[in-house]
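Okay, got some structures for you below.
Two complexes follow with chain A in common, the first pairing it with chain B and the second with chain C.
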Partner chain A sequence: MADDSLYGSLQVRPSGWDYFELDDILACQEKIPCTFETQVKDLGFLDHGSDSEHIEPATKMELPFWLAKELCARQRKIISVELPKVYREAYRQILEADATAVDLNKLGPYFYSVGGKLLEFGNAENPRIAETLMMTYMKRMRRLMDLSLNKLDGSKESQTLLPKLDHDEHNVFAFSQEGLREFEQWKQGVISKLTSSKTVINQRKRKRTEDN
Partner chain B sequence: MFGEKALELVKELKRSGDGSLPPYNEDCVRQVLDEMKALFEQNQKDVSATVAGEGGRIAGVQLRHASLERNKRCLLAYVYNRMEKIRDMRWDFGSVLPDDVKNNLNEHELSWFGRYNRSLAKYMRSVGIDLTQDSKPPKSLYIEVRCLVDYGEFETEDGNVVLLKKNSQHLLHRADCEHLIRQGILEHII
Partner chain C sequence: MDPSEVDFLSEKQHVKILPNFKEGRIFLISGDLGPFEPGLTAEVPLWMAVNLKQRKKCRIIPPDWMNIGQLEERKDEEKEREYFTEMPSKSYLELASLLLKSARDDIPHADEVQTLIKDIWEIRMAKLRKSINIMMQEKETHARLDNLTHLEINSIRPFLTSALDRMHILRCNVVENPSTGTDY
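Now for the complex of A and B:
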């Protein structure tokens, strides 16, 4: 079982630090299965499955995380929240069996950050979820670093690995490739070479395609 | 669901990736603001109904309020991230933006860019250093460069005029050509 310190370290960071972060906004859009506990007047149109004017108690709906959190966190609970499928026991077992074989991009490109956010709901399975997230990351990290730190651009193996990476893993991969590239440049003694900025290069590429 | 238009804005910006700025999506922003206005007015109605003694409306108010906050966050993030990109462009393109970039900015962003330019220039004057110069530690005073485009005549700081023709090579003062390299007009040869 996860000890308290591991679980504590996975707790969500204070709100506000990533307020403007586009990735966090997208991660907050992840759908969570919810059940309404009270009636919500006049908003029946949000539930496409029914024609009633109000949202009745016991209506099941998939709400984005940002909404589920607000409706669940207050003292008066408006909804109760279930775990999304990919964080339940069945999937946890798959991840524990062989984390490296799973396509995390398919399970949600923001697998880790959404998983971390789910802990906010105070589910009884929280320690288990936290532990699975951590173990999955650790197991996958080894291969990821192996591939990203040893060969630049496009070995066959990394081509098969890349589409299966979670968004955060993608960033790690890109950063360590960048590090490797700079190291190579340093070895060749061209690190002090002045280069044109990426923005300008991208801008020019776009222009060229527009002109065609 | 509420907040979908606002999410579109965020996705659009995310898709554009590094170094390119999509046109300011005025239309979508207005639609989000309309949605927010409708949410706010409905909430005001519900709150005054609750104050007047009608029960059971609080849940709806909370739901709409959460949607308002979400829309606000998306809009602010949209504007803020665009601002960051525009700021970075000052360092890449220099104080004058190419026209095709400029066309994608809205009026307020243009005036912000102008003001940022001025503050930066003022600061650099006050400390007496051109901060856009020497982005990497200089090894020599002169560097060899190759011209990538037909640029035309270029006057160096000491008054000489060089003709920058495509594929021609020059030995230039580093300070003169660092900007041109960053803008992709010259290539540094090592």
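Now for the complex of A and C:
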């Protein structure tokens, strides 16, 4: 890519691990298929399939990303990590064929952020994965933009699109719908009228205490 | 930013009025206004014009561009040109909607003017969306869009900033994992 150097200078990347971001924490819970490389003593109960007391080498198990990341660290390679199947070649080809038709919510509600995190494992297919993630996002953005900026929710098209969105895309959609709603309200002149706040409406009338 | 805040800011611009009262100079922080003589035009901020109009103390003289001939010309020009044309006012939609709401009787052919303004807005928004799409597909980092008005920028901002933020992260992924050229 010709613009590599440009991006290199522009990178102000949020370091990939935003400690307090709730979406990021939720994304870290996504399960990743792993294989144990060494024996782990006394933790055999974690593997429902076997009766042995320890986890034996070559046991396959799905672990959440946060655990897999630590166990796969360079100093102690307890497990080896495989790519989840939605990031493998077969799915990449589906996404390349028609990204807009895929139900990303089904592939993993945090498709993009988990995909980004998987790159940390240094898989040989990393460049391909990163490229596919970006192309998918770009192709889907067009439709998302048209739908989220044209009509307020309730249109048939957005009803079919919404369940297919990844969590990130969903946020973008909600955000821009909020902007559109404010604009429509401004056009109708609703926004300049004062309304009572919801908390006031919901709050029950204060009761008199006995001493007054 | 809220559209109503953009609206509020637009009320600072000056419009011409025809007062029907007599009043000396008024000293305000933003500058002196007046003196007002019945039948002589004066320039006041929009908020004041609307207020005076509501109390039936003046007639508002609509800006020169707010007539059918000029607006139709602008509409055609907007349609033909690939880029955005310069609008007569940085806040044409706010100004027009406020005047059409509060001083409809002062604007000749108000209904047609309203439709034309709405058409122009829609042509410009379609253009804006098209250029954003091109910008995304071409993987550009920035785009230059001259002559956009406040409200137009404001209406696209929530979508654009959040979408581009995420795109940037994905792009960083690509840059950090450069392909060696042999693996695909």
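The rule is simple: the second predicted complex is superposed on the first by the 169 of 212 C-alpha atoms of A that agree within 3 Å, B and C clash if a C-alpha of one lies under 4 Å from a C-alpha of the other, contacts with A are read in each partner's own complex, and residues count from 1 in each chain.
Operating definition for what follows: a residue touches a chain if its C-beta (ideal position, glycine included) is under 8 Å from a C-beta of that chain, and two chains touch if they have at least 3 such contacts.
Here the structure is a predicted model, which is why all the values come from computation and not from measurement.
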Classify the contacts of A:51 with the two partner chains as first (chain B alone), second (chain C alone), both, or neither.
neither
According to the stated criteria, A:98 is in contact with first (chain B), second (chain C), both, or neither; which is it?
neither
Return first, second, both or neither, reflecting whether A:171 touches chain B, chain C, both chains, or no partner chain.
second
Which partner does A:180 contact after superposing on A: first (chain B), second (chain C), both, neither?
second
Overlap the chain B and chain C contact sets on chain A and report the shared residues.
189, 191-192
Touch list for chain A against partner chain B, complex
19-23, 25-26, 28-29, 38-43, 46, 63-64, 66-67, 70-71, 74, 76, 78, 189-204, 206-207
Considering only the defined contacts, which chain C positions touch chain A in the complex?
2-4, 7, 97, 101, 129, 132-133, 136-137, 139, 141, 154-159, 162-163, 166-180, 183-184
Mind listing the chain A positions that touch chain C in their complex?
1, 3-4, 6-8, 10-11, 13-14, 112, 115-116, 119, 124-131, 133-134, 137-138, 141-142, 144-146, 148-149, 168, 171-172, 175-176, 178-180, 182-183, 185-187, 189, 191-192
Going by the contact rule set out above, which residues of chain B touch chain A in the complex?
1-3, 7, 10-11, 13-14, 17-20, 42, 46, 56-60, 62-67, 69-70, 73-74, 76-77, 80-81, 88-89, 91-93, 98, 100-101, 135-139, 143, 178, 181-184, 187-188, 190
